[in-house]
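Below: one structure in structure tokens.
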């Protein structure tokens, strides 16, 4: 049994509060247990210089934490004058993951800016960011459909992410902060609705893992991602007609 | 009649959602109309170098906006690598205003870090930040009292802030974004519960104002601040016994 | 009686050494007591991106102190790699104040760069900067008239600034450094020749002030500003014909 | 057949020029095909603040490319004034990977600084850096043994890294730049001599991969890592007596 | 004959306005023709970390230009967020030059901060800075003697600097801006009162110079430096008793 | 006799490994004793903004050291977020020196980027950089001739650099690190094949030098530079037909 009473293969309670903010084209407040992230998607009618003239769109992500999202206050990156390596790694991951399920040709020369701002952190902020950002992005595309700027929502599949890990020799799903900070192995899994991998990042923290352990972790992660995608489908139900989705 | 139907001397609806977050010693989500700010107060058992060994406390504030708090997405200050002049001006104002009603001797060698993060902006973000930050700070002091680290809440008086301005030749209270961006004169007023001024910042935007106009604006602002303080008192009611407050 | 023997309502000796430097279009060395600021105005035939194509001009200001303008040497902002909050607040104030009395439409698509460099500081550097910068700016406009690039000097009124404060319960005019650093209340007043307010910044330093005290301070400040404007008029006498000035 | 004539499961020629530089405690010039990286290990008798007083060592890595390591000249990060996200991601990976096979308790309060400077790039610079850095680190530990500062080389196992990917629907080993830039899936595998995973980073580039494809890639990567470790063992042969190595 | 009517071996008019500012321990406003530099010397009772515990003093210099010291306004280095290469080169030169004539052992563990701020530039700002900074430094040492913190002024010799160059095939002394920007060869010469070289920096600007030309330039420079030192001696006359000076 | 057994007028062994890298248009690994520098020349078909439209080329240089080029590890400039004064001084020197022997008109609107990366340092890194960079640049020009983009190599003369100094009262040639760090006088000499000076930088390190000593140093330096140029000619022999060289 786990520290918070969950089964080894049990997600924390997840909620997706869509259209949480007034200004962005798409927004969601995602809660995964005590982890809360405001995800927004903004449409910009330009693409970055290296993409110009190709007729394709681009998706870029930024990630940040409020100073007091955590138990100890963190110094703001704006005060430090630079973004940490951890932040850069996370925002590159979010952008890459979202781009893998979007048909950028169909987007046209637009940039989708994804912002994930963690207002409360309890482990799994990067995977919650991906799961929430996908919803915010689809809502923003939905708005473009509504305004007749697109005829369909240009995604190839659903996308969600969760973490798995080895903690005290047990494989567990969806680690909270306390579990995460003492786990021997930590793995982030980003998958599509049809069960394809998009990103797999497994790390032994001063530790290693075998091929067999890897297989157990992947089984757990797959199960978790499918549950998250069910919740995404519920809140995006009104847009279902515009989303061409693959079979699993 | 104003753009949103309010009277010239009418505040927007205000709400104070206290203890909004899990980790900070004090936190509040303040809404003033569509302006929403997460205010937190964090206790640090050290003071900055210039204050060491004096036995006094210190209060410092930081202010930021989520990139999509506004109609157009803003570049993050962490990406720019520096904090703008506007942000610095606002965070200096918030810190100065709070320090004016706190008895820093009674705080002891502690720093209270105030963080005001605007998640949705519709004018008056700096005055909403002050009004909310005061509540978060008192909650954090309340926690120190509860833990027997303080015997009373070391404030001298309540504190709130609002804006007033001249818009199309009319003096109005609590400007929203649309009013603020077209006002000829804009004034921020920070006052205490007993009716003293703490800070007064009046600015003609490519315009000027007379002594008589100034007096009208001050009358309006005083009225607004008193209403805000009534709402602060309601949500801080459980701590009233520990707050030594002046008569007006 | 004050520390330096002045009356409560007495300015320090003021001098304006015009055309102090060889290269700038307008320049002045202003002394207010021991505070000395070199103010220059430079004409640039472009406007910043957000102003382009509107046919209007722009005025922007920068402020700095030599490292040894003060009793203790300060670290240069160029060595720190960033401008402090205090500097940004002051340079925003100077720019805003000057813009309020200039008819930017008549300036045409030009930027006036104002530089205020404090070479010796003894309190009131920001108000001395405004008073001096106004003169430098008018001299630069005078040069444009002389070169037939403008037909009149596009200002609506004179402009000067001074400080007032409450020190040991007395209201006083034009605080020097020693007074300023121990004052309970400190207020900067920027006014026009016709007695309109442009900017009012009153701050209780760990203190507050009443409406009645505010009124005394405003009376003192008005008197001081009028004296400063008399001195500006003297040194700008040769340009008087090109300056359309309002009655008080 | 591949672009450079290799089989799908064939590494490029690898060489390890040990003690390449005069000053560092350990150094190696690793070549993997046309990719050349100078890896050095420096011993510092202090640990970072967050590690002090624990009696444990620390390993940290930095990675950089010469501006003309690539076909197009890159701007130096020192000129930009900041390190890119890619660089941070890579140097965090290198440090984490090395720490996983070192017994930090046995190192004592020392920091091992790893520097990986790419002087010529042709794909796989991060995996070549890990493979080379492991050798440089062991050489530096060997020097500490020689100076009687350690009694054994405090590693638990050998460590090497390679890349695998899906390119034109084929799974291939050790991608060069041309293959890497057109691959649909790219995976970096860091493994130990006994066949445990340390780090697994698989990414679909605007693409995804199935569980079956993942298994093929892992098989290929395992084979490549074992070959690299054979070459490490050859150049570290003189230190073999001090290296306690696990069975596979 | 030169552009401004001088002989090839003639300095521009030089003036040294000592004790120009109120706060610094030593200050001078030096004018060399239209080049004007405020030089200050500040005493700090600490030395930088790399000097601690040696009982020796240190001298460090900073150099800057007001934005409008030049015909075209320059962007402030504090706005750019970094100091240019040119500035760094000059401030390193000034510090090195002054250190060469000071007996740092006799200074004790103190830092002399030299600040050279160019308020008007017309060529030769670095050599004027050295000549002026020497005077400011001696004045600051004089103040330490006066306060009985030193028994003598710890300099070994006088020090001044000038520029020489080849312009239109003629060797000339003390180049103004117009000459400097079109000279083929430019050389800065820093010398002592006894005729020793401290620093020699000769540069062909897209050009070269022969050994014979070098000798002519050195003859001219020597003559100029001796004249500058005569002027330094005049303004430092009251301290002559405390300055142990070498014969030439 | 010197510390490493050399005569006072003896260079260290010099080698020039040309075309050391695959990607750059010109590259060389120069060794001068234990000092090793990778010099590359890259052709860019644009010029910087201040050169546009003049039909002339530009040459710019960057210099850096690997962190462990030295006995103690140095912090990377990219980690510090800024380039040191020493680095800027050196890269300005390298660029200026190379430009003095190139006919920029004949280059056309191209920039030659010179990169000098010190991989091992033992004194004289800036002079080795100049000597090596000249060769890399000529190789790059040779490539342009080969591709028929130039008809000749647009240089006016050969160029090399060495250091001389006064060490324990002896004048010596080509100082290694140990000599350099204890020398009283240090001078860098950049000269052409025909015996003209390009740059002369002599510095007394808390010391001075006489005209007579200067003459001895120049004699030594001249001899050293001529030997270096002989070695350059050998490795550039295949391009000799395209290099129009002056008589000495």
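So that you can tell them apart, the chains are marked A, B, C, D, E and F in the order they are listed, and the count of residues begins at 1 in each.
Note that in this section a contact is a pair of C-beta atoms (placed from the backbone, for glycine too) under 8 Å apart; a residue touches a chain by one contact, two chains touch by 3 or more.
Labels paired with UniProt names: A, B, C, D, E, F = Ribonuclease PH.
Computed from a predicted structure; not experimentally measured.
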Shortest path length from chain B to chain D (each step joins two touching chains): 2
Farthest-lying chain, centroid of Cα atoms versus that of chain A: E
Same vs different contact residues, chain A with chain D, by half of numbers used: same
Fitting chain C to chain D on CA atoms, where both chains share a sequence, rotation angle to nearest 5 degrees: 180
Chain A-chain F separation of Cα centroids, rounded to whole Å: 52
Chain centre separation in whole Å, for chain F relative to chain B (CA means): 60
Overlap residues in chain C, where contacts from two or more other chains coincide: 81-83
Contact graph of the chains (line, ring, star, complete, other): ring
Chain ring listed from chain E, with chain F in second place: E, F, D, A, B, C
Chain F - residues contacting chain E, complex: 82-86, 88-89, 91-92, 96, 99-101, 104, 157, 187, 192, 195-211, 214, 218
Contact set on chain C toward chain E in their complex: 21-24, 27, 34, 38, 40, 42, 44, 62, 64, 66-71, 73, 76-83, 87, 113, 115, 117, 119-120, 122
